[in-house]
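Down below is the structure, laid out as structure tokens.
Note that the chains take the letters A, B, C and D in the order they are written out, and that residue 1 is the start of every chain.
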Amino acid sequence: MMNMTMQMMEMHMKDMPMQGKDMMLMQECIEACSACEQACTMCADSMMGEGMAMGRSMCATMADMAGTMMRAMLRPNLMHMESMMAMHTATMTMANFCAEECMKHAGMSEDARMCAEACRQCAMACQKMMDAMTGMMPTS
Amino acid sequence: MMNMTMQMMEMHMKDMPMQGKDMMLMQECIEACSACEQACTMCADSMMGEGMAMGRSMCATMADMAGTMMRAMLRPNLMHMESMMAMHTATMTMANFCAEECMKHAGMSEDARMCAEACRQCAMACQKMMDAMTGMMPTS
Amino acid sequence: MMNMTMQMMEMHMKDMPMQGKDMMLMQECIEACSACEQACTMCADSMMGEGMAMGRSMCATMADMAGTMMRAMLRPNLMHMESMMAMHTATMTMANFCAEECMKHAGMSEDARMCAEACRQCAMACQKMMDAMTGMMPTS
Amino acid sequence: MMNMTMQMMEMHMKDMPMQGKDMMLMQECIEACSACEQACTMCADSMMGEGMAMGRSMCATMADMAGTMMRAMLRPNLMHMESMMAMHTATMTMANFCAEECMKHAGMSEDARMCAEACRQCAMACQKMMDAMTGMMPTS
């Protein structure tokens, strides 16, 4: 079913200031954000007890942020580099901190270990998008 | 990456009042909701002009509803049949109407045609979940 | 600032199949959903320990649902009664169950007691909207 | 009803590394984000035609971001300054661009004019939060 999103995006490619390679990076980033939202939603729900309160809050917030980032990339008319850069920066920053926090609980919770991995992948995908966008932005 | 969600869910299976077959239905429903949220987000952004105003609103709302439904299914501790039934009913009802509305624009917009398909798949997946849950609920 | 939403809605009134009294009910329902999303987000984050796992999941899901319902009512072009009825039914049902669950913890947690109250108000506001919409729907 | 959120937050004040003045700034920022999400949801739905495609996408994305930011501030256990700073930076940046874009349509659309105002208030409230947090962060 993921392929349907991919197909829909390809139809919009010709209108976008992106080349094939960058569209693939964006598709990867969409999937990484989606996986991160899902893992964080499960992980937030699984974390119990006082010692996990911060991790739980971070995962719940990360799920919201990853979903927001995913939806932004899916909108064909949102061709506003500065807004996208601001969101990618926030998503990457939070994903790295969330991965770090989840890793503290990875020994006790397999959910937390896998969630940390999903956050790391999300942070990396955002970083790649930012690198690609930097190449597209006019130098001043 | 979707497989990670699947793996995380399987770890929780033993705590859930569901059998393997039902877990597979839920996993399918999670993926159908995710695909529906993505297609509707793109489609809402692509629909222009007065004649598409209603379709656009329905897609934007369907994206929110599908995301809410997906997240509900991902929470291992949300074992409350009546709440789930209420959400599945709303998601299925809306997805059917949204598919119908998008089909009106399918001739002009490939986005709308594919979005209608994603909505239909989401409605069917919700229906299957409801059938399975009805079998699990105590008869009174 | 809430007044700005009210002002914006009033500009759309003339295009809507609603009368002044019904617009007021909708505005009240928007505010009740917003307050419910906020209370449930806080309450979900505050609930700790195994005994509160179900309540936490219900509050997190209720926050998503209330936000989705609020946004649906804010879209001036979403004039589709059946979809709205389906969402109001789900929101009301979940809000009532969430209020019930939170009340179990009201003795120990002031958050839970206030969250239960916000859920009850949300359920009542949805009920009123449904009553008003029933009056507007054609009898068959 | 907003007062309920305020009351709930005050109960958590004693556990938070914030003083009364900063709690008031946070409460103002929560309300500004909530008003911004509502205005942007309405505005995105009202914008029609090709010339408004970018504004519509920005408003839809801003609604998601403002909602995500609001929920982050409501979680009492999310005491992680760096994550909050990253989110406030993104929200402020986007709100300023969204206000600018909406102002281009303010002559034709009262919705857009009021939405621009809600975005500006949201940007200012985020800026104040960032200034307050900078004062709380340890200098290195």
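Criterion: a contact is a pair of C-beta atoms (placed from the backbone, for glycine too) under 8 Å apart; a residue touches a chain by one contact, two chains touch by 3 or more.
If you're wondering where the values come from, they're calculated on a predicted model, not measured in any experiment.
Undergrad: Using the contact definition stated above, find the chains touching both chain A and chain D.
TA: Shared contacts of chain A and chain D: B, C.
Undergrad: Pick the pair from B-C, C-D or A-D whose contact list overlaps the A-B contact list by over half.
TA: Same contacts by residue number as A-B, out of B-C, C-D or A-D: C-D.
Undergrad: Is it true that over half of the residue numbers where chain C touches chain D are used by both copies, so same, or is it different?
TA: same
Undergrad: So how far apart, in whole Å, are chain C and chain D when each is placed at the average of its C-alpha atoms?
TA: Roughly 21 Å separates the two chain centres.
Undergrad: Rounded to a whole Å, what is the gap between the Cα centroids of chain B and chain D?
TA: Centre separation, chain B to chain D: 29 Å.
Undergrad: Residues of chain C touching 2+ other chains?
TA: Residues 45, 53, 56-57, 60, 67, 71, 75-78.
Undergrad: Graph of touching chains, which shape: line, ring, star, complete, other?
TA: Contact pattern: complete, every chain touching every other.
Undergrad: Can you check the complex and tell me which residues of chain C touch chain A?
TA: Residues of chain C touching chain A: 44-45, 48-50, 53, 56-57, 60.
Undergrad: Which of the residues in chain B come into contact with chain C in the complex?
TA: Residue positions touching the partner: 53-54, 56-58, 60-61, 64-65, 67-68, 71-72, 75-80, 82-83, 86-87, 89-90, 93-94, 97-98, 101.
Undergrad: Quick one: which bits of chain B touch chain A in the complex? Just the residue numbers, please.
TA: Residues 1-2, 4-5, 7-9, 11-12, 30-32, 34-35, 37-39, 41-43, 45-46, 63, 67, 70-71, 74-78, 110-111, 114-115, 117-118, 121.
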